[in-house]
Every structure is written in C-alpha cells, then in structure tokens.
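Here come two complexes built around chain A, the first alongside chain B, the second alongside chain C.
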Partner chain A sequence: MEILQLIVNGIMSGTILAVPAIGLTVIFAVLRFTNFALASHMTIGAYAGLIANATFGLPVIPSLIVAFVGAGLVGWLSDEFVLKPLRASGFITTAIGSIALTIGLENIVRFIFGNQMRGYDLPIRRDWRFSGLHISPQQVESLVIAIVVMGLLFVFLSMTRTGKAMRAVADNPMLAAIKGINADRIAGIVSFVGMGLAGVGGMLIGLDTTIDPLVGFKTVLSIFAAAVVGGFGSIPGAVVGALVIGIGEELSLLVLSPAYRTAVGFIAILLVLTLRPRGLLGARAY
Partner chain B sequence: MTRVTRRKILKGAAAAAAGVALPVRAYAAGEAVKVGILTPLTGAGGADGPRMLKAMQAVFDEVNKAGGVDGRMFQTVVEDDQTNPEAAVRAARKLIEVDKVPIIMGTWASSVTTAVLPVCWESKTFMMTVSGADSISLLPHQGYLVRTQPTSKLQSIAHASYIASTGKMKIGVIGIQAPFAQSTKEHLDATIKAAGGSVVSHVIYEKDKSTYRSEIDQVMKANPDNLYLNGYAPDTVVVLRDLYKAGIELPKFCQSYAVPQSTLDANPPEVSEGVVTGSPSADVDSTAYKLAADRLGMREIDAYVAQATDWASLAVLTFAKSKEATGSAFKDNVRKVSQGDGVKVYSAIEGLKAISEGKEINYEGASGPCDFNEIGDIAKCRFRFTQVRNGKLEFLKIV
Partner chain C sequence: MEHYLIAMGVTAGIYAIMALGMNVIWGMAGLINLGLVGFFAVGAYTSALLTVKLGWPLAAGIVSGTALAALVGIGVSLITVRMRGDYLAIVTLGFAETLRVVMSNELWIANGTDGLSGIPGPLRGTLDPHAFNLLFLGIVWTVVAVLFVFLQRLSFSPFGRVLRGIRDDEGVVEVAGKNVVLFKAKAFAVGSGALGLAGALYGHFTSYIAPDLFAPLLTLYIKLSLLTGGLGNNVGAIVGAVLIVFFLEATRFIVPLVPAVSSVQAASLREILIAATLLLILRWRAKGLIPERIANISLPPPTAEARTQPI
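Our next item is the complex of A and B:
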C-alpha cells in the first residue's frame, strides 16, 4: 500500500513537471540550445496567475491563461532582444546567456513583488481517502489541467500549419528554410509557447503550495532531468521523463532518506547519458 | 658636486618613510571603523534579516551622531547572504578582502554560518551570529566567534519541556536537512525521555520541494501524538498545508523563525491554527530592551532584533576598549566589555561614557546578559512561546 501511495504521489508531481519540461524540450528541439531562463519564466507565470487570481479575482482556468500569456510574452521578448543576438555565437554562449537572463528576470520579480511567500486565493481542500490511499483534489485538478494542456499542444503541433512548421524546423532546419518557412518567426512562436508552458507549470506548482521568486529555480533541476531522461527534443519523451523523475523521486524514499531526493534526478541523468544518451524516446520533436 | 653616500641614502629613505607613515597615522585616527553586515535579505531568512539590519544600523547611527569613538565613526558595509552558504562565502570574501572589515555580524542560517566561519577565522575576522546549531561553536574557530543565540541543545530542551508539560509524550520530528537537525532530535529525545516519552519518528527532508506528502506519511507511521516541525519558513508553509490536507490534527510545535507572519499570511488561517512556536526571548524586562525598542520606535522587539542590537553595541564597546579595529582585537577584548565585575551598562552610548571615565564595564544586552563561555556560547536564555490563533501569533508565556 505504501508503494502504491508513493506511485500516486509520483504521478501527481511528475505530471505537473511535464508541462514546463515540454516547454524546455520544444525550445531545444527548434532553437537547439538549453534555455535555462525557463526557471524565471515559471516564476513570471506563477506571479501573472497570482495577479489574475488574487488581485482581480479570476478563477483558476482564466488565471492559467493569464500565466501562459504573461510568461509567453516575456519569453518572446527576452528571446528577441537578449538570446537571439547571442545565437550566432553558438549554443554554449546562448545557454550561458540564458542563465544570466534568468537571474536578471528573477530579481526583477523580487524587486516588484518582494521576497515573501504568497498563496493563491483558493480554499485548501482536504484529501480524498479511499482504499488506504489519500489524494489531494487540487493535485487531481492540476493533473487534469496538465493533461489538457499537453493535449492542446499535441493538437497545435500536429494539426495547425504553424505547429507543422515548428516540427519541420525541429526536424530539419535547412529543408524547412528551402520550403520557405521563416525560421525567425518560428523561433518567436516557439519561445512564446515554450515559456508560456513554463508559466503554466509555475502556476500549477504554486496552486498546490505557495509561490516566491524562487518557485521556478527550485524545480528546474527536476525539469531538466525529465527532459534529459525522456530525450532532449522529444515532447512525448519529456512527459515520460517527468513521470520517471516524479515516480523515481517518490519511490527512492523506500531506500533513501528524503534528504537525498534530488540525487534521484542527478542519478537518472547520469544513467541515461551513460546507457542511452539519446534519452528514453530519442530526440524526435513529436 | 654633491657626493651621494650610503649614509645620505639611508637618511633620505628614513625621511621618506617617516613622511609616508605620518599622514597614514593621521588618516587612521579619523578613519571610519568598517563593520561587515552579512545577513539574509532574501531566501528563508529574508523575513528576519532586514529587521536585524535595521537594529544594527540604529545602534551605529546613534553612536556616530554622538561623535563616534575618539572621533572615529562606524561605517557599515552590507551584503545579502541570500540564506545560501555558497553566496554567503562569496559575500564574506568580498567583505574581508575588498572592504577589509575586521568584523562580520548578522548570519542567520546555521548552514551559512558553518560555511562562513572558516573564512573568518582563517583571515582573523571576528564573527557574531544568531545561528544556533551546536556544531558551530565546536568548530576550531580560535575564539573568532561569539553568538547571542542559545545553542540547539538549549532550545531543544526548552521545547521538549514545553511539549512534556502539555502531556504529549510521543513526538514525531519532521525537519529540514540542516546542521541542527540531528542534534535537535537527540536533545528532544533525551529531554522527553526524562519525562517518560520519546521521539517516535524522525524524518529529515530536503529544502525547496513543492510537496512533503510522502515525508509526512513516513513520520506518521509511528503514530506520534504531536509533531515537531523543525524547518525554515518556506518549507514549513508547505508542510503545514500538506498536514492540513491530509487531515492530521495533531498538536504542532515549530521554531518561531519558521512561522513568521508571512508564513501565516500565505495560507488560509485554518491551516496554521493552534501551532505553538518557541523562540529565545529577548530580555523583555531589561533596561537594554527598553532602550532598543525606543531607539527603533517600537513598542516591543523580538529576539533577533534584540540580538542584533547587542552585536552592534558590543562591537562599539569592544573597539572603544581596545582602540584597535582588527579581528584579533575584537576577539581578545569582547569579554572585557560583555561580562565581569565592571559597572553594568545597557547601551553603547552608556558604555562609551563609562569607558571614557576609565571604568570597567559589563554590557547587559537586550537579548540577555551576553556572557560568553570559552567557545563563544551564552550559558542561559529565556524562552518565549506563542500560539497561532485566527492567523495571528498570540503570546503564551516566557520561561
């Protein structure tokens, strides 16, 4: 029963990790660099959602849309004006630039909102209990929201012209350019969508806990691990990777002290890079 | 033609050396005494650091307005330790190597102090802190440390005694990975065992997690009848939420720094209702306490503000005693003003007056007597207990 409870907890946390992990992997698939600014965009999304929910009294779903649009816009602007000029210098320079960017953005959030923890204006509900298990209604809602968001993204990528163009650039940028796909426009859309997903992930984490300017930074290692384990650049891989990390972190409690939970992420990265460098599902973008 | 002899060269060199040295000495007489303040303005200690900073600066401002010490003013150099050992060490190195401060005060988290202290003793920089882990003063700091905070041992004994007085004897401890984690559990266990109980489960968790549901399940396996939450504010707020969601209604005890008003405000009131907090108490009946509260324009001050007031006052008085702004001078002279048979003084200004009159002094602080043993710890302390009611902390008692 204990194992079952840990697996349930792992599925819950893994599904929420999957949303920003998809954002990270989509950006990598198209722009070919690891955008560490994901952490600050999670924070920005969480705070955008907080303004919508706590200040303007909007319910969860509209607040999540605000989180998506807010983080997406900042993601598009920061890519356009900060990261795009760095891309010519190579992916390492751009990735390092994204670290500087995330520290800068995080401190802007800190300057505007202060350091104190904040909670969404939502009632906290007691867990549902059945068959010796307990599960939080908020986590179930977040799980459903995360699945719907992933479904919408799948529809966007597989059924819309822009989504197909994104996949084309991810698969073969040169061929996509020959076919007349505007890589700059696609880069902007990818940054908007990827960072928007990060913002949704930041708010989903905050819904179950509280938020502060470090809300993104605290979880970015697990998200990075999820993307690597699943296969950097693969969207289904990000989902599988997030579930592996989420469930793995929980199951590790059977043999490890909780104080070493984060080690699971590192060990997973090491194992995957050693045994299957392409990740569990390879590196296809869809 | 003038002959250049060896004697002339030596005379010239001596004159030049004297010419260089004299202005330095004249400059040094009026040079400000730099004081490094390394305190958490962000991170888990971000709720306490700014208040401590304000208290320290208020003391130095008061002394500077009164003319300083022999015309030398105190200049604070402030760095944010971010409640992060790595950032704190970088900031401490900057304070020591760039700003050349002889003294650093204000660290809060035990992990931060544990990281910064070796940098201090290696560079002969004196340190004052509010961190409580037993292990800190056992490090080979060569005397470059005093702390006004009671050790984890003193705190745990007081907390376990309180819990025993409520009749609850099976403590479940769930707390953050920190230097005080293990020793707190051991002292809680030893004290509650003397009353007929025990610590029945102990789980140490990692910081910065978005949920602690599984850790709570683990600690509840042993069926404790009360819970001791041994974390910092950012994680305690999550633990309290998860406990509420899981429907666990056991009595809960926390360190007061884990439940600042911001923690209470971040959750609906029902989540934290009934939580008891314990903290070292400021010496609320003392003259120094009243002077500190007046200086800050407040009706009452908490233990951290009181301790910060005492560090700044002790720094001023130690410098006045030794007339030397070096870490070694602070180390060698702090106990000459903090304890002993001298006339009791309750503020830096009062102490400066007594020193100028040639008297020996014994500073009695806003946090307590400030009498330090050979490893820099205080020997005793009063403790204050509060309880959360309707989202606010209400005073219970001081013991």
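Our next item is the complex of A and C:
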C-alpha cells in the first residue's frame, strides 16, 4: 500500500516536473544550448503568481497565467539582451552566462521579497481517501493543469504556423532560414514560451508547499535529470523522463532520507549516460 | 589591518591555484566544469578527514586530497566523453550539488552542516596567529609559483598544444591520430587535482570546513577571475584571481554604504553586482586583460620547385 501511495505521489510530482522540463528541452532543441537560467525563471514565475494570488486576490488559474507571462517576459528580455549576444562565442560562454544570469535574477527576487517562505492564498481542503490512498485536491488540480498546459503546447507546436516554424528551426536551422523563417523571431518566441513554462512549473511546485527565492534552484537538478533521462531535446522524452524522476524520487523514500531527493536525479543522469546516452526515447524524437 | 591583508593574500593565492586548475580544463582544453566547488570540497574534506580522524601528517593529507580530486575528475570526464559539452556541464553541476547534499546529511562523515573543526595547520600550536598566517601566505604562494612553472611547461609542451587543438577543433586532432578521450581525461585530472589542492590548503588554513562553504557562487568567482585575467594563459589566471579577491573584498565595504538596505538585501545586492560584472566581461572583454598569446606559425611559401612539380 505504501508503495502504491508513493507511486501515486510520484506521478503527481512527475507530471508537474514535466512542465518546466519541456521548457528546458524546447529551448535546447531550438537554440542548441542548455539554459541554466531556468531556475531563476521558475522562481520569478512563482513570485509573479504570488503577487497575483496573494496581493490581488486572483484565483489559481488566472495567477498561473500571470506566472507564465511574467516569467516568459523576463525570459524573452534576458535572452534578447543577455544570452543572445553570448551565443556567438560558443556554448561554454553561453552556459556560464546563463549561470551568472540565474544568480543575478534570483538575487533580484531576494532583494525585493526577502528570504522568508511565503505561501499562496488557497482554500483549505480535506484530503480525499480512496481505499487507503491519500490524495490532496490541490495535487489533482495541479495535475490537471499540467496536463492541460502540455496539451495547449502540443496544439501550438503542431497546428499553428509559429509552432511549425519552431519545429522547423529545431530540425534544420539552415533549411528553415532558406525557407524564410526568421530565426531571431523564433528565438524570442521560444525563450518566451520556454521560460513561461518554467514559471508555471515554479508556481505549481509552490502551490503544494511554500516558496522562497531558492524554489527554482532546489528543483532544477530534477528537471535537468528529467530532460537528460528522456533524451535532451525531445518533448515526449521530457514527459517520460519527468515521470521516471518523479516516481524514482518518491520510491527512494523507502530506502533514503528525503534530503536525497536531488541525488536521485543525479544518479539517474549517471545511469542513463552510461547505459543509454541518447536518453530513453532518444534525442529529437518529436 | 595587516592581519586582514595577509588573510586576503592567502585567499588570493588559493583562488589563483583554482584559477590555474580551471585554466587547464576550460582555457586550454575548452571543456566546461560547472562543479568546481565539488572538486574543491573533495580536496578539502579528504585532507581534513585524514589528518583529523586518522592523524595522518599534513603533507600526506594534502597529497591524498589532490589525488582523489584528480581521480573524480577523470571519472566525470569519462562518463560524458562522447556527449556534447552540455552534458558535461550538467554532470559537473549535479556532482557538486549531490556532494553538498551528502556532506550535509551524513553526520558520521564530517558532522553534516555543523562542519568539521580543529583541522590542523602547519605549526599552528607553536606559532602565534600572526606568524602562522605569514607562514601560510608563504606556503600558498610557493605552491602557486611551483604550479605556475609546471603548468607553463605543460602549456608549451606537445601535451598543451594537443589540448588547445582539442579546444579549437576536436576533429582535426582526432584525424592527426591523437586519442582525444585520453587527453580530455588527463586535462580534467590535472585541473581537478589543482582544485582539490586548493581545497586542502583552504581547510588547513581556516581549520574549519562545512558544506555551506562549497556553494556554487565560488565557481562563479573563479570563472570571473579567469575571464578578467585572460582565458588560456597562466599569468592571466593569477592576475585575475588577485584582482577578483580585491574586487570581492571591496564590494564588502561599498555595499553597506548604500542607504536603507537590510542585511539580506545588501548580500543579494553584492551577488547581483558580481553576476552583472561577469556578464559584462563575457560580453565586452571576452579576451581579458592579458589575452592568450599563441605563437604565430606561418607556413613558408611554397618553393618554386614545389610549385612546378606535377601533383
């Protein structure tokens, strides 16, 4: 029974983890670099949602839209003015730049809001029980939201002109350029959408517990693990990877102390890189 | 004040050792290492534990710390060797974070977050604190000098040329018949060894280490040092490290002068300043104060004889 409960919890947390993992992997697929600034954008999204929810009294769903737009705007601006000029000098410079960016942004949040933990303004509800399983309504709501967000992204990528252009650039940048796709515009949209998803992820994680400026940094290793385990650059891979990491982290509680959650992600990365370096689904599978 | 300057000199020396190590990995071989603090921590903990718990002599502890850090470096580089550099970035970052989590939670290894204190230093009991600091200043800068000479020789040896070749175009080096995997692992070993050495010296100087000290910010400081001094050359690494220590200490005095700012805000302001400086240098002065000098090898013009020969 305990194992079943842990698996249920893992599916819930894994689905939430999938949202920022998709953000990371989309940015990697199109712009060909690992954006370590994901962590601070999760934090920014969580706080943008907090202002909407706790200060202006908006319900959860409108607050999540604020989180998406807030983190997306910061993501677009920081890519345009900070990371884009660095990309010409190679991926090491860009990766280090994105680390510096994430520390800078995280500290701007800390400067404004301080270090104390904050919680969202949510109605208190009793856990549901199904034959011994405890499930909190908030988790189910977050699960549904995460699935809807992923569905919207799928529609965007497969049905809209911009979405198709994004996939074209990811697939073959040169061919896309020949067909007249403006790579600069696509880079902007990818940064907005990718970091927006990170922001939604940050708030969804915060809904379950509390948030502080480290909310992004604390989960970012699990998200990297999800992306690598599933196959870096593949959207279905990010979802599968996130579920594997989510369930793995919960099951690790059977043998390890909760402090080792992040270590599970790292071990998963090492295992996958040794046994199946392209990830479970193989890179670029979408 | 003199006390403070000497301690600052020791810190600058330790930063210089780390910058020299990072220069082999990043500046020469063009590999990324975002987990610098992890290797620093391996050196610090190994040497401290061996000397405190097993009573090993200092030198043996420091050598073991250096060697273990080098071994871990080889392992990390081999795991990602066939992948794009992004994977190395993620694995090194993950390694450092995981090590920090383990050291914070496994109380039996080194007291968890309380840290390990009472780490012996050379002649700490017999000398007064002032003389001890001076002695350590001498030791650290002697290490810097020896390491500098060693790396300078290495850099202009065939080994160094192969590393720069890997950095500039891996394929060409492979075609020339060099074992790229082996060279990358060696570069990581030398570089992480130096990081471990710096960590070991740090522990023996301050007599106290704790997981909090190995936060990712230190990685940023060393990258900043290398970029300021000039990536790819050893003089630049040392000059950069000294300048960055001065800069970091200066922000400590300047930031509290900003009015109406709480202590948390002052600390975050300082980190914002450091991150912004790194970004500005990355953007505008990517070559640093002392740019890497690469010998200009000009090929002799083909002789008339060669030109007339049928191909």
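Note that in this section the second predicted complex is superposed on the first by the 282 of 286 C-alpha atoms of A that agree within 3 Å, B and C clash if a C-alpha of one lies under 4 Å from a C-alpha of the other, contacts with A are read in each partner's own complex, and residues count from 1 in each chain.
Here is the rule we use: contacts are C-beta pairs under 8 Å (C-beta built on N, C-alpha and C of every residue); 3 or more make two chains touch, one makes a residue touch a chain.
Quick caveat: nothing in here was measured; it's all calculated off a predicted structure.
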| item | value |
| --- | --- |
| Joint occupancy of chain A by chain B and chain C, clash or fit | clash |
| Partner chain(s) touched by A:28 [first = chain B, second = chain C, both, neither] | second |
| Partner chain in contact with A:262 - chain B first, chain C second, else both or neither | both |
| Touching partner for A:110 - first (chain B), second (chain C), both, neither | both |
| Which superposed partner A:13 touches (first chain B, second chain C, both, neither) | first |
| First (chain B), second (chain C), both or neither touched by A:209 | first |
| Superposition clash, chain C against chain B - the stretch among 93-101, 201-209, 219-227 or 237-245 that is involved | 201-209 |
| Chain B and chain C contact sites that coincide on chain A, given as residue numbers | 110, 115, 257, 259-260, 262 |
| Residues of chain B touching chain A in the complex | 41-43, 46-47, 177, 203-206, 208-215, 217-218, 233-234, 237-238, 241, 244-247, 262-263, 265-268, 270-271 |
| Partner chain A, residues of chain C touching it in the complex | 26, 30, 32, 34, 79-80, 82-87, 89-91, 93-95, 97-98, 101-102, 104-105, 216-217, 219-220, 223, 262, 264-265, 268-269, 271-272, 274-276, 278-279, 282-283, 286 |
| Footprint of chain C on chain A - complex, ascending | 28, 33-34, 36, 82, 85-86, 89, 91-93, 95-97, 99-101, 103-104, 107-108, 110-111, 114-115, 221, 224-225, 228, 232, 257, 259-260, 262-263, 265-266, 269-270, 273-274, 277 |
| Residues of chain A that touch chain B when the two form their complex | 2, 5-6, 9, 13, 16, 110, 115-119, 123-127, 129, 134, 136, 138, 205, 208-210, 212-214, 218-219, 250, 253, 257-262 |
